[in-house]
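There are two complexes below, and they share chain A, which is joined by chain B in the first and by chain C in the second.
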Partner chain A sequence: MDLKEKLVASYFAFEDNLEDHSPLHAIRNNAIKIFEENGFPSKKDEAWKYTSLNTVLKHDYSLFSKGEKAIEYKDIKPYLIHDIDSYKIIFIDGKYSSHLSQTTHEGVDVCLMSSAITKPKYRLVIENYFNKAAKDDSMTSLNTAFSNEGAYIHIPKNKIVEKPIQIVHFSTGNEAALMLQPRNLIVVDENSHVQIIERHQSLTDNPVLTNSVTEIFANKRAIVDYYKLQNDNENASLIDNTFIKQKQESHASVHTFSFGGKLTRNNLNFFQHGERIDSTLKGVTIIGDKQHVDHSTLVHHIEPNCESHQDYKGIYGDNATGVFNGKVIVEKEAQKTNAFQANNNILVSDKATINTKPQLEIFADDVKCSHGCTIGALDESAMFYLRSRGIPEKEARALLMYAFSNNVLDSVKIPEIKKRITKLIAKKLGVNIGFDL
Partner chain B sequence: MLKITNLHASVEDKGILRGINLEVKPGEVHAIMGPNGSGKSTLASVIAGKEDYEVEEGEILLEGEAIDELSAEERAHKGIFLSFQYPVEIPGVSVTNFMKTAINETRKAKGLEEMPANEMLKLIREKSELLEIDRKFLSRSLNEGFSGGEKKRNEIFQMAMLEPKLAILDETDSGLDIDALRIVANGVNKLKNKDNAVVVITHYQRLLDYIVPDYVHVLYKGRIVKSGGKELAHELEEKGYDWIKEEVNA
Partner chain C sequence: MSKYTEDDLREELKTKEYEYGFYTDIESETFPVGLNEEIIRAISKKKEEPEWMTDWRLEAFRAWEDMVEPEWANVHYEKPDFQAISYYSAPNKKAKYNSLDEVDPELLATFEKLGISLDEQKKLAGVAMDVVVDSVSVATTFKKTLAEKGIIFCSISEAIQEHPELVKKYIGTVVPQKDNFYAALNSAVFSDGSFCYIPKGVKCPMELSTYFRINQAGTGQFERTLVIADEGSYVSYLEGCTAPSRDENQLHAAVVELIAMDDAEIKYSTVQNWYPGNSEGKGGVFNFVTKRGLCETNAKISWTQVETGSAVTWKYPSCVLKGDNSVGEFYSIAVTNNFQQADTGTKMIHLGKNTKSTIISKGISAGKSQNSYRGLVQVHSRAENARNFSQCDSLLMGNECGAHTFPYIEAKNKTAQIEHEATTSKIGEDQIFYCNQRGIDTEKAIALIVNGFSKEVLNKLPMEFAVEAQKLLEISLEGSVG
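Showing the complex of A and B:
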């Protein structure tokens, strides 16, 4: 039985175990039908032309973790931003871990999807928002069908959440191979502000496939800053589907730092429903070996006077492959749109590949849209300059690569994250020099 | 300190240096002058270890040790410093960050501990005052958006920080107004002592009014065709290079 058949067969048993009156019943049933019809995407699909799931799908994944492995705080501490006060929603093999988490219901709800979809007091929010931003492509639908657990965050209006929220999914190697499908819902009401950090991390080398869906709603004048830290083990793959629906004058940013994993596909979608919206999509990708990272972004400008800023930097070594597919749609009504997109890449090895493809569909006539992509090598004259000052070749190379990705780091608002990323970059580049001096 | 014997060097099979002989002793200032295209900057780059150039013949000794097989960073660790004619802009790396990395990497190569942060700050303050550099300037990205004068002053600031044994100043006067020229020259003079040496590469005599050379050499067609004292520089300023070319071509 291949993975698709296994998923479809398991669905009915899964759905039977859930409460009869779940408002998600019909949504789930519809979603599994879409997945059953379309199956996993293949390279024949235009959107998946440069990313093949073949090697990822060959494992016999367990769809639900059976046992429970005891995990202590010390086991996961290295993967948390632990030097700041934060809320934490921690999952172990797909199950919520209350003793490792720090959630809240004081003024804001930082808790679990599983309780949000079963408890009456969240029913209205679920009805209004669940699956309202997500698209019905095959992978998202698969997640929707199995959606049961993940983070549920609701910030009512006029709240500035002082502490960042960390959502971290760990896998323990309890199963020979495990598939996870977390589902996050984040609703930020008028004038509120929240910062969120998301990470997926396996603690062993057992294969893991995560198909994650996150829906974010930034209502009027809300500010949402979201950081994705992707530095997983070499047998862990991630398909991240994130959908952000913005209302007028809201600001939403997503920074994606991709340093690890076997295969990572980021489907990042912004929808602007209102005027004077600002959307920021930034990323730094540094990979080697046979790693693969794909950033497929969409910014949908629907109304006038909005902005979007995309800036993705990639450094590819060894046999690594990268994809940047940036789609910007500007509707006829969306006059005075400012949409910027940049994708700059450095290939460090002759065998590394990057496929970069900007797609601009502009139907309005009074807009400023720009895009630019570059693929190059490191500047040799800069290398000589640094080396002539006594900085060895490897360190000089690292310094230039760090400098190359620096303007993405510039807009990271949490200093501890910046510090952590800087350290990860240094480690990834195999040097020990303090850049953040 | 520096002894160059019969140096031949080429880039992409094109011979540029065709038998250079030069000896620089501790405490000396040498000026290398010459018309455009004579090989002045090539000589500077070859001494500093730029990989684009191939040394075909001859040798370069620093304190008696052959350095032509060493990498640029190894030469820097041994005390060679090149002030670039066109300093490279490096966005995203601050001047301070760059200098800290350079100093600590050099110390690491010598088996020393990293310089303590307070000592580093003190050194930066002291040397930036010497070059009349504004503190704000130090947190800017290296050379990015700097004026010509700022770039050159920044080069000499780096020299002051690294305290090389042998400093090669490649056309440091180009792009400088008279005030900046004085600041730069003053900086170089203050750093000068009996144990180090300076090689000034220049097209014009102007800089040599401020950094007074012990010896002046004229480079033409990849060879040193004439050497003399500082009065040779004045003679070149008055008469140009044509009479040298005529002498050589005759």
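Showing the complex of A and C:
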């Protein structure tokens, strides 16, 4: 039985166990149908031309973790941004861990999807927002069908959430191979402001496949900063589907830092429903070995006077493969749009590959849209300059690469994250320097 | 002129009819519609082709039968019914002419209307013409001058008769029969086209040119061009197209193969002005072309194109940079208006070391047209120090048209240096204001700006062709190009 059959078969058992009157019943049934029809995407799909899931799908994944493993705070501490006060929503093998988490209902709701789905108190929000931004491609639909657990964050009007929220999914290797499908819903109402950090981490070498869907709604003048840290171990794969629906004058930014994992696919979608919206998509990718990172972005400009900025930097070593597939659509009504897209890549090994496809589809005439894309090596004269001043080759190289990715870091608003990422970059580049020279 | 705004221009563009839409009634010998092995054998027999050629066509046809029409391009159209097309149509008087006097006077009048009168061309600076009307070459000039240098320039059917060894060796080596749906179709049914061979070390003294036209109602035209530049040679080849008005869609599926051997250089320029359909989007030519060149060591291939016509264009002149130090260039202006759709661009395949490619693409869309750039830059793992620079600029006029960019960039070598840049803009109010201030009226100003926008590419056209290109831009964007 292949994974698709297994998923479809176990869907019915899963759905039976859920409460019957859940409003999501019809949505789930519809979603599994879409998945059953389309199956897993293959290289024949234009959107998956450069990313094959074959090696990932061959494992016999358990869909639900049975046992429970005792995890202490010290086991997970290294993977948290622990030096700041934050709300934490921690999942172990797909199950919520109350003793490691720190949630709240005071003024804002930072809690669980499973309780939001079932409690009548949240019913209105679920009905208004759940699955309203997500597209119905097959991976998202698969997640929708099995959606039951994840983070539920609702920030009401005029609230500035004073500490960041960390959403972290751990897998403990309890199962020989595990598939996780977390589903997050984040609703930020008018004038509110929130910062969220998301991470997926496997604690052992057992294969893990995560197919995650996050829906974010930024209502009028809301500000949402989202940080994705991806530094998983070599048998963990992640398909991340994020959908952000923005209302007028809202600002949303997503920073994606991809340093690890076997296969990482980031489907990041922005939809601008309103005027004077600002969307920022930035990413740094530094990978080696046989790792594969695929950034697939979409910014859909629907109304006038909006802006979008995309900036993705990639450094690829060993046999690594990088993919960037950026798409900007400017509708006819979206006059005065300002859309910018840049993708810069450095190949450091002879066997690394980069495939990039920055696309523009423009239907409005009074717009400023540009994209730029480069692939190159480090500047030898800059190397010479540094080395002539006594900086060893490895360090000089690392410095240049850090500088290369620096303008993505510039817009990170939480200093602790910046520090952490700087350290990770140093580690990735195999040097022991602080970069904050 | 009191106040000429972009709106006026748009209005003019909408109502501007295709000037060259006339139809010459030449008695044609046309095959029954439909496509099967019999028809292919008949075409081959008609052209008195040797057996290997017939077999080659049949092989392509069999492959074609199993293929499906590609749908990935960003164009929408009603698919042609391939069984409703006549695959052969030749002007009645097939005798070869030695002088212009022998040519059907009606035909000559047609050329005159197009402004490509052979008389004039003969007198004008060294342009040898191989004029193709509906598939059969009817006149060749300057052949003698070329023959002295050992240059072979003739129709492909003549080449199959007289130089079978060259044709057999090279045909299908760059664009194989099974390359794609339309290439396979072309390989099966091509009726005529041009053949050019430049011997070792020869620099072709004149620009070679052909004009293609579609003339008979309901006949598709399937041209096959093969240009071979032997070691150290140079040739500049021009191709221009105009077609009469038609209500039903006509299909044009050409294949062009260029082979540049060591140290050779080929410059291939196209001005394309097939009938684009009327302002309601009715009629017009479907242009599905496969063009590809192969560069050996130190060779250079340069494609320049000005695309103003066709209802639907699907065209990607490509370079396979096989040899070390080879160079590929692509310069393009694509203008779409009314309901035209263009999906055009290039492929640069870097295989050899130190290979270089440049892509400059300018798209101008007006009316309700859609203009797409689709390109591929591929650097293979052994292509050390490959270098690419791409620039795609789009100019939009009005908010009912669209400009799209689909660049694919694949690099497998760390020494590769690739740059891609794309911008989309409209004609700035400030630019027009600046011109107005200096006494240049708005119409002239727009002309100036569009001209400036496309200058980079226009400059690449050979002198002899620049006039023609200018003319065609005028038709497509009347009132904007002075």
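Some observations on this one:
Keep this in mind: the second predicted complex is superposed on the first by the 436 of 437 C-alpha atoms of A that agree within 3 Å, B and C clash if a C-alpha of one lies under 4 Å from a C-alpha of the other, contacts with A are read in each partner's own complex, and residues count from 1 in each chain.
Assume a residue touches a chain if its C-beta (ideal position, glycine included) is under 8 Å from a C-beta of that chain, and two chains touch if they have at least 3 such contacts.
Predicted model, so just to flag it, every value in this text is computed and none were measured.
In the superposed pair of complexes, A:Q335 makes contact with chain C only, with no contact to chain B. In the superposition on chain A, contact is made by A:Q359 with chain C only, not with chain B. In the superposed model, A:S381 makes contact with chain B only, not with chain C.
In the superposition on chain A, contact of A:R389 is made with chain B only, not with chain C. Applying the stated contact rule after C-alpha superposition, one finds that A:L399 touches chain B and leaves chain C untouched. By the touch criterion defined above, A:N407 reaches chain B but does not reach chain C.
Judged by the touch definition given at the top, the superposed model places A:V187 against neither chain B nor chain C.
The partner of chain A that touches more of its residues, comparing chain B with chain C, is C. Shared-chain residue A:S349: touches chain C; no touch with chain B. Interface residues of chain A facing chain B in the complex, by the touch rule stated above, are 379, 381-382, 384-393, 395-396, 399-400, 402-407, 433-435, 437.
In the complex of the two chains, the chain B residues touching chain A come out as 48-51, 71-73, 75-77, 81-82, 84, 87-88, 90-94, 96-98, 100-106, 109, 141, 158, 162. In the complex of the two chains, the chain C residues touching chain A come out as 72, 379, 381, 394, 396-426. Of all the residues in chain A, the ones that touch chain C in their complex are 46, 332, 335, 345, 347-377.
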